[in-house]
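There are two complexes below, and they share chain A, which is joined by chain B in the first and by chain C in the second.
Presenting the complex of A and B:
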């Protein structure tokens, strides 16, 4: 197995995101995530800069790297032209690829995100599509959404959208050819491999947690339920 | 007796004046060309000097050269230099032509335009001022007041504004702003003993003798607080006070602070005309747009063009005493050059 430092370096984005950090703290000061979480992009950059396997391994298995909202405010401000947001992207990828993500609560949620946003993207061509936010799986959306969801044809029509239909307009149906292209891009750019990696490592985690069916196979419904109810540790 | 050699000095700041005075005493004819209506350069604007709080006027009074062989030309900005038959021709906008056997550049510094760093609010928020603004207020004998007319209860002094910042194209350290920040913090505290003063720094570069003593004095006697974190952005509150965002990097936590005024320690850049001066000859600028020395170690005052020399802060940002040293060593280089040519 390659050293994680090498795995990070293999991602071309690291070159763009990482120049050299002088610990000024501007990124942390401007970062919206740092305002809400125990989260400090500066120290993430410093850890990656150190090239220390142990420290980086720790990041890959931590909640921290999943707290970034990818707003890229840090990119516009860093006096050394680093971009913590991009560095975090690379860490996330290596965490997904190596399976380190299942060791933290926020990391484990990659499975949920993949099954929702990832699946939506490939199926509809949208990260979030009204038809995908169904009522059973999204009680958090409340009674107003329940009503919108049930009457979505009419509601979206009233709003001037073109929900799920051919032709132009908001929320229009994405042409089959375009969806096929998207799938090819996903495949060629390594998305499928990461998808499989998240799937495999999540299944193993389910087994480790004893969330299995009568044959001892991982039960992903139980696992999903487990993830949805997992207690935040921070 | 052979005719006296003539040296032209571009820039009548302390570097140009001191070099001119040394060279006339050595027996040369010197012309100093200054673009403003007054010599003295930036020192005309400063209130008192680190590290001993002496007055700039004292320095200026000592170096005003008076010598029949010295000519001062005011209100003339040199725009280009040409080398012709071993002599230099200088031109300004109105086609002034001046011939010289050797040329000394002493074009000094210009102060970074703080409004380019938009997120710090200079020119947008009325209670954000620069270190140069503060010197002028102090020199005029005025008290520091907010735009609303009240003495500020809290002032934040911001280091590295326009220096060490790839985003504004200045990767270098301006060298004298840290100690200027300490000097000004003390000046504010003396002026307004009730006012809390915070310095936001990334590294405190207090390189000179007595500078650390001043830092100690700032902390011990004046309770100036030093926070290690660079300012990220400023916003204005409804009452025109200010909110700062930084990270206290020693705590590893984002920090919000309210202040009545913010003082930006603006960096130092090379004079703007320098680029033009490099045309039609072998002068070169370094990566920070200051004049490039022939050799960093041994020939700091020699340019890339034979016969053209440099003195003072047109080589790199420097303090007053360093500028004067540099001017004197430049005079030696000029003298060496002209004596060797003679032989």
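Presenting the complex of A and C:
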């Protein structure tokens, strides 16, 4: 197994994202996540730049790397053209590849994202689909979305969209061949391997937490429920 | 001495193709504002006489998956390469991107390919093995707002309405919100760069409105990708939106204008959610501050029926703004289906009942 420092360095985005950080902290000053969480992108960049295996291992198992909201405001402000947001992408990649992500509450949520956004991607060919923005899980969407959701065939038709139908247009049904190409691209380019890693490590974590069925197999419905109700540690 | 309201933004122009486009749709815009994409295509082809291909075979760019880290960079590159291959097969060289996340993503991939040609070779190989397709890099990539910006004066000449309060004759006060990935990653790919919101303020000015500055103008809407998409994390998202609303409220805007599909939705929905939580709105009424995207606004000014372009899909009701602008509309036609049959309306519109 490669050292994590090497695994990070293997990703070209690390070369794009890190150019001799001078530790000024402007990234932290402008960062929306730093205002919301106990989060400091400056110290993450410094840790990665140090090449210290132990410090980087700690990051990979921490909630910290999952706090970034990917707005990339840090990229604009950095006087050295570093991009802490993209360094975060590389850390998250290695965290998922090594299984370190299941050691933190926010990291474990990757399972939820894979099962929602990931499933939408290959099922519909879109990251988001109206039928997936259900009222129960999206109360913030309000009564107008509730009306749209409940009457979506009529509403989208009125607006000239092509919901779930063949041919061009908004929210059209992506043809089977096109969906198949997307799936083969996933297989060919490492998407499937990543999802298998998320799935396997999440199942192992479910077993570790005792979230199993009568045969001792991981029960992923229980695990999902656990993730949705897991309290942050203060 | 300049006042806070004065807008002295310098124009930073970039090359924007003038015709023969290939449209790359947005997952979020299609989902929440399908009428906006429809009216954009209609303005381009019917009002401006330009050509644009609406190809049914393109898919998501997977940008939301990429920024939530469930789509590897190699996969992201290969999916984008497939979009380029479809363009090539249609003979198109000018991409027009509806989504801001995609727009940033396309440029991230292209810049990577310039700096690391081996990444491009890998994407070519992955695409070829997976689909048998080949691609060329587009000659020009514009966001759809760039196109409306480019033709803003032509739109103004064609428009029967202006961004003016017809009761007072005063310009409407418009705050803008530019999506983060339009300019923050690659400022040189954006009209106005990362600091200036010129792409929207130039439209506001051309259409008779008054751009209004506010302190948190460049703050994120709060989407935060995983922070909105995972239900227990949404307080991050709403907190950031709240910061923006608190910042713009003292300037009493008539309208929020956006260029990003996600921002358009969040700035609309989070006003409702905050009102339900805190019992307050950021406008002088219970409705909230109306939110429009550039295509929706261009469509309104050009005289499109507000309900044909989907403004009834907004939680903050647009009717007060339509009245202020003197736009003719039928309140009774708002909740009718394609056959003209009345539908049961939403429980309520706006932020507070």
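The rule we apply is simple: the second predicted complex is superposed on the first by the 216 of 234 C-alpha atoms of A that agree within 3 Å, B and C clash if a C-alpha of one lies under 4 Å from a C-alpha of the other, contacts with A are read in each partner's own complex, and residues count from 1 in each chain.
Throughout what follows, a residue touches a chain if its C-beta (ideal position, glycine included) is under 8 Å from a C-beta of that chain, and two chains touch if they have at least 3 such contacts.
All of these numbers come straight from a predicted model, not from anything done at the bench.
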Query raised in the report: Do chain B and chain C fit side by side on chain A after the overlay, or clash?
Result: fit
Query raised in the report: For A:80, is the partner it touches chain B (first), chain C (second), both, or none of the two (neither)?
Result: first
Requested in this report: For A:51, decide between first (touching chain B), second (touching chain C), both and neither.
Outcome: neither
Requested in this report: Report the partner of chain A that touches more of its residues: chain B or chain C.
Outcome: C
Requested in this report: State whether A:159 touches chain B only (first), chain C only (second), both chains, or neither.
Outcome: second
Query raised in the report: Is A:128 touching the first partner chain B, the second partner chain C, both, or neither of them?
Result: second
Requested in this report: Considering only touches as defined above, state whether A:144 meets chain B (first), chain C (second), both or neither.
Outcome: second
Report summary line: For chain B relative to chain C post-fit, closest CA-CA distance rounded to the angstrom comes to 5
Query raised in the report: Both chain B and chain C contact which residues of chain A?
Result: 35
Report summary line: Contacts from chain B onto chain A in the complex sit at residues 119, 160, 164-167, 202, 228-233, 245-249, 252-255
Report summary line: Per the touch rule above, chain A residues touching chain B in the complex are 19, 22-31, 34-35, 40, 42-43, 77-81
Requested in this report: Could you please specify the touching residues of chain C with respect to chain A in the complex?
Outcome: 25, 27-28, 30-32, 34-35, 37-38, 54-57, 59-60, 62-65, 67-75, 77-79, 82, 104, 111-112, 115-116, 119, 126-127, 129-131, 180-181, 183-185, 187, 194, 218-220, 222-227, 229-234, 236, 238-240, 243, 269-270, 272-273, 307-310, 312-315, 335-338, 343-349
Query raised in the report: Where on chain A is chain C touching in the complex?
Result: 11-13, 15-16, 32-33, 35-37, 66, 69-73, 75-76, 83, 89, 92-93, 96, 106, 109-110, 112-114, 116-118, 121, 125-130, 133, 137, 139-148, 151, 154-161, 166-172, 174-175, 178-179, 181-182, 184-191, 194-195, 198, 228-230
